[in-house]
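What follows is a pair of complexes built around chain A, which joins chain B in one and chain C in the other.
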Partner chain A sequence: MSAATVAGADPIIRDARLLSILRWAQQLLMPVLLVVEIVLFTILSPHFMTSQNWVNIATNSADLALIAAGLTLIVIMAGIDVSTGFAVGLIGWFVATGMAQGRPPILVLTVALVIGIVIGLFNGALTVGLSIPSIVATLGTSAIFQTLLFALWNSTDVFARPVFPWLSGQARIGALPAVVFLVVVVYAALHLLLSRTTYGRSVYAIGSNVEAAALAGIKIARVRMIAYVILGALVGLAACLYSARIGVVQASSGSDLTMLAIASVVVGGTSVLGGEGSVLRTLGGLIFIAVLRNGVVLAGVPSLWNGVMIGLVILLAVSINGLVVRISRRQRRSL
Partner chain B sequence: MKKLTGAVALLASGALLLSGCSTTSTSSTEAGTTAAASADGVKVAFVSQVEGIPYFNGFKTGGEKAAKDLGISFTQTGPAKADSTEQVKILDGLVAQKYDAIAVSPLDPTSINSSLATAAEAGVKVATSDADAPDSARQVFVSQASDADLGSTVMDQLAEAVGKSGEYGIVSGSADTATFNNWIAAAQERQESAYPDMKLVGGIRYTTDTAQALQEAQNLMTANPDLKGIIAVPSTAIPGVAQAVQNAGAIGKVAVTGFGSPKTAAEFLESGAMTSTVLWNVEDLGYLTVWALDQLVEGKEFQASNTVSGLDSPVTYDAASKTLLLGKPTVFTKENYADYDF
Partner chain C sequence: MNGTLLRADNVSKRFGATQALAEVSFSLAAGERVAIMGENGAGKSTLMKVFAGVHSADSGSVTLDGTPFEPKTPYEAILSGISTVYQEPAFFSHLSVLENLFMGRQRHQLGWLDTAEMRREGEALLDRLALPARLLRRPMGELSLAEQQLVLIARAVAADVKVLILDEPTSILTDTESERLFAVVDELTSRGAGVCFITHRFDELERMADRFVVLRDGRLVGETATADRDTLLAMMGGRAGRTAGAGGTSAVPVADASDADTRVAEASDTVSTSTAGAQDDEPVLRIRSATLAGTFEDIDLDVPAARITGLYGLVGAGRTELALSVLGELGLDHGNIQYLGRPYRPAGARAALAQGIAYLPEDRKTQGLLHHMTVGENLSLAALPKLTNLGVLRRGLERSLVDRWIDRMRVKTSGTGAAITSLSGGNQQKVLLARLMATEPRLLILDEPTRGIDVATKAEIHRDVRVLAEQGIAILLISSEMSELLTLADTVHTLHEGQVTSTLRGAQITEAAVLRGATGTLADAASATPTRTETPS
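== the complex of A and B ==
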């Protein structure tokens, strides 16, 4: 009797212990990697730990930060959006053209936000209304945005002036670029939305178990649609930042942002399986990637290694996540 | 599941519709034929890679000028979107219309071969210009400038701007573009032999778009505070690198040059963020191409050095590779960029 109990209890205890270690690793992975990374680059390059360099890092990743924040909502609901980069390029073309034609900045900003929301509604309608898996739907829309940008660009670069001074990386509030405050406000707002509101709870509920959420009376279609609209508006805002920062819109504009945004969310530790994550984690992942992209150049590493390092960290984060899911399932079964 | 299948079918039909759209949009845009009275009725044509863009508009301006000077008729046409199958169709159409000589800037040097061969069999004189199809039936390739000349000219420009010494960086495009790599190799060779006091730092930075070029340039400047110059290789990198220098308030401290058309560089030549840009004069290339087509129709042989009345310097001909070389690259600066419209 006692032997049987021990034999039965042993793996459960072991699993519980392993699970707590893994959960702990999951929580600490990003902070630890960030500290290691920053210490390493500070040692490797005397130019890394300078205020000017941090200002560069911050302004260069502000547009990405806005997209990654909105994308986090989608990923928590086990969805994805791979059209964000070319959406930024496409909206950026309208922003740059509007500014070049001397339209009022407030109108240009409004148009950018409206196009962003329309794009969000379009992506949302495909995934929510037609039940197309979000990766397939947004792959389709991404191709459409890319072609539209190519057609509009028509081999003529559009040079852009910042929509508003505070939307460019050049404007400062104190020592910090104004865009940093914009990013902080967006992250604070989304964090509160996710952690303090019914809407936020619905998002997590849908991500954990759609059927259960539906049974609990959550209007799944509406919650998903709102998330796509939020992401769309943020993409519109990011397009204003992007065109101000780069100063020109070409056929390839924005293309990089798609993968970087997904990487920021995943590296941050938000589960691609849904139900778990936060915008603060995304912020951690984003800083990690932004610092990595900057630091490797300063340390004199060929830029090709960027990809390898980001890829390894993604795999590490996802493997820990996957292990947690597997072990907690096994534990639930044996209980 | 049924719903999903339906959705996928819908998406597929959407994709079909989209591709259908793109085929119709690549229909050729026929450019106006030069109305020059052609006494001997010589009709020549040029097929561009994509019609309507500033670069090939510049080509057309030069070609029409040559046609007027020579008293022949010249037509320029090309696909509305860079599409090699569409380009082949346009070429076939021109052959059917019994043009005496046709030049083409091939988008794909292999798929154009059979059409060029058919044209040559039909008695049409064929040439390539701007881009080559070396294994085709073309009788001459009109080349804008050699990669070696372009590379060393850019290095000369940079050296002049930085006082022949100091650190410099190179921001290139994708690592597998042969043209970029040739230009860079020539530039580096020139630096090693002529400017030993200059030093490349950070290796060659490969980028995919303007945003990346901007970041690479910024990081290069941060990592190397003594950096004195940057070469921006592709036209996507030029605005990014120049913008980075402008944002850092480094105009006058970090010189930027590269391979960009005067229009791409205009804003930065004006602000001083770019000291110069190096390319060829595409109007002259158009002029030379039409002249070469006329020579072919007249059955005249090219000499090792040819004097073309509408061009400033003599044009060399390499019989082994059947290549007419326009000459040295053109340097565009704040003083002269406004004279060019491409």
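== the complex of A and C ==
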């Protein structure tokens, strides 16, 4: 009897140890990879470790940073949004066209935010109201946005200029690009929202156990809807930055952002299964991806391989996450 | 009868703190029908699942046909000739009956399905249970519960079965359907197969089995060849000695009642004058003729303040469903509910909580815990609206609330920031109880509050629940654990197949009386207990 108990307890202890190691790996993965890639690129390219290059990295990823921040809320609640890229392209077309027609910048900015919010409400209504799995719903809306952009574009590239000077990559506050401050403000605000408000607590509760959250009186639908609206507004803002950065809106504008935004969130360590994560982790993941994109080019690797590297890093992050879930599930069962 | 078919020697199985089986020895001869009996949690299903390859025993041995038998998967057990029909069966609801019947053992030629052959065999199988052949094409999910059950039995019989295990097979079958099942069982046993039943239905025992084996708290406590109710009930309960003591302390003398109620009225100044005045006779929750088709029927129930009202019933009796209907998470076909003397319309868990009705769900893991979060975050979850200023969490307030409740409930934790998963099951449950208490409810519905919790923590939770009742909270305690109700409840209502079969107070709450009510065998106990009439099903 007692022998059996001891034998039964052994794998549980082993699992607990393995689990804590994996949790560490999950936390440390991103910082370690970041250090490794920075060292690697510094060795490979003399242009990498220069202040001008860091400014480039920052201005080139500010739009992505805004999207990834909003997406983090959705992912913590075990949802996803794969329509952000084409939403940026679509809104970017309106922004570029509005500026080309000489509309007041404040109007253009407002329109961008409003379209973003409408898109968020639309995605939210499909996933929350109609209970369509978020990946399916946003895959559908993504196709719609893509087609709309294609129809609006109508074989005519629209040249874009910044909505406001401070919304462009050129503006500086001190030595830093102004957009860096914008990103910092957004991340700080969302971090406070998640860590210091009832809303934020509800987000984690829903991601952790939606049934328990409902029984504890949390308004599930409202919380999820608000997250889509926040993401939508950030997508609208990101579209203003994006169109100014790229300088021209085409049929495929924004399409690369979807993948990169998801990658930033996941590589940062926010669990795709919900319940844990933070925008600070996303910021870490974002810096990693931004540096990778930049460094690969500087090191002279054909940009073809860019996608492969990002893909491998995502798989690595997600598989550690999967292992954690499997072992913690096994451990929970044995309790 | 011929030799032993299936044999278990000193089988033990432990789940965390719960000893589900303790050195159980059991044997089944060829051609024999054995009924396995016992309260909920006595270990019946666990023993059957060891045979079926769902669980593996921690120690002890099992032999089948004289050779050691240690199935690692249910599939292996089926291949060895042990077929099981579970109480809550798993099937493929989108696939047809035919596909369900032959899942995993399709007839085929080089990978091509031999549908014609399966159809022929399928028709013959359904015919044995007198089911029409046209069912074969229907999707499984469209069938009635009874039909699904019969199809699964047909599926189990289809295999080259040596041992058939049926977990409460007749609970949803009509008498004629049950009779058909027994005919099939007779046919199987005459060919030398063995059959194990798990059942709570006393009225069918004689028709069902040749031998009755009783388990209690994971131990085999007796067996008999005669289906004598009183003997069996005595074996299933078996706490005669302890019952007297526990019953004595739990049965609050009626004289104390008004005293307790006055204390409540003083303590709760939030109650409006109209209800406070009427408190002595006005229960906090009054349910009248509540009915939800197919689940419970015509239920009358009062839950008074400062008392613990117990609700006992076997699995499937409709206890949890009744609680969920009060919350509004499940519907209510008709009936009316009064809460604090006013008509009350269930509108979901959130609305209920806002009005002071808190529900502790049955399944701590899937319905209660936020696994990724800390002890403090788990505790304050339901009280968050009280802890905010324009949506911003007042962390000082939150911390003091959490500290206060951790202290009051004596939660053993390394701190409020510890992960909830680092706590023992009992302490997790205390946190969930504190979560509800932090919302200052008037009515607390506890659904199996101590399931799977170690004995020491269980006693602490019992003490906490009693303290809460003394503070004036009305408590509805749903439990399938007899000793819990005997020690805690002031009143016990027994549910059987969706109906209240008896209402026991004070000294009337004895193990035998509760079991009689819950198993629907009131006829011979009616003189001892005041009962509501039991309507024939």
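As a convention for this text, the second predicted complex is superposed on the first by the 332 of 335 C-alpha atoms of A that agree within 3 Å, B and C clash if a C-alpha of one lies under 4 Å from a C-alpha of the other, contacts with A are read in each partner's own complex, and residues count from 1 in each chain.
Quick note on the criterion: a contact is a pair of C-beta atoms (placed from the backbone, for glycine too) under 8 Å apart; a residue touches a chain by one contact, two chains touch by 3 or more.
Just so we're clear, the structure is a prediction, and the values are computed from it rather than from any experiment.
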Chain A as common anchor, with chain B and chain C clashing or fitting: fit
Which of chain B and chain C A:275 touches, first, second, both or neither: second
Which of chain B and chain C A:159 touches, first, second, both or neither: first
Which of chain B and chain C A:174 touches, first, second, both or neither: neither
Touching partner for A:297 - first (chain B), second (chain C), both, neither: first
Chain B versus chain C, judged by how many residues of chain A each one touches: B
Partner chain(s) touched by A:102 [first = chain B, second = chain C, both, neither]: neither
Spatial angle chain C-chain A-chain B, Cα centroids [nearest 10 degrees]: 130
Which of chain B and chain C A:211 touches, first, second, both or neither: second
Which superposed partner A:199 touches (first chain B, second chain C, both, neither): second
Smallest separation in angstrom, by C-alpha atoms, between chain B and chain C in the superposition: 11
Shared chain A surface residues [contacts with chain B and with chain C]: none
For the chain A and chain B complex, residues of the former touching the latter: 45, 47, 50, 52-53, 56, 60, 130-133, 136-137, 140, 143-144, 147, 151, 154-157, 159, 169-170, 242, 245-248, 250, 252-256, 293-294, 297-298, 300, 302-304
Residue ranges of chain B touching chain A (in the complex, touch as defined): 3-4, 7-8, 10-11, 14-15, 18, 22, 25, 50, 52-55, 202-203, 205-206, 208-212, 214-216, 218-220, 222-223, 225, 235-236, 239-240, 243, 246-247, 264, 267
Chain A residues touching chain C - in the complex, by the definition given at the top: 1, 3-5, 8, 196-202, 204-205, 207-209, 211-219, 271, 275-276, 328, 332, 334-335
Chain A-facing residues of chain C, complex: 12, 14, 16, 23, 58-59, 349-350, 353-354, 359, 361, 365-373, 377, 381-382, 384-385, 387-388, 391-393, 395, 421, 425, 435, 439
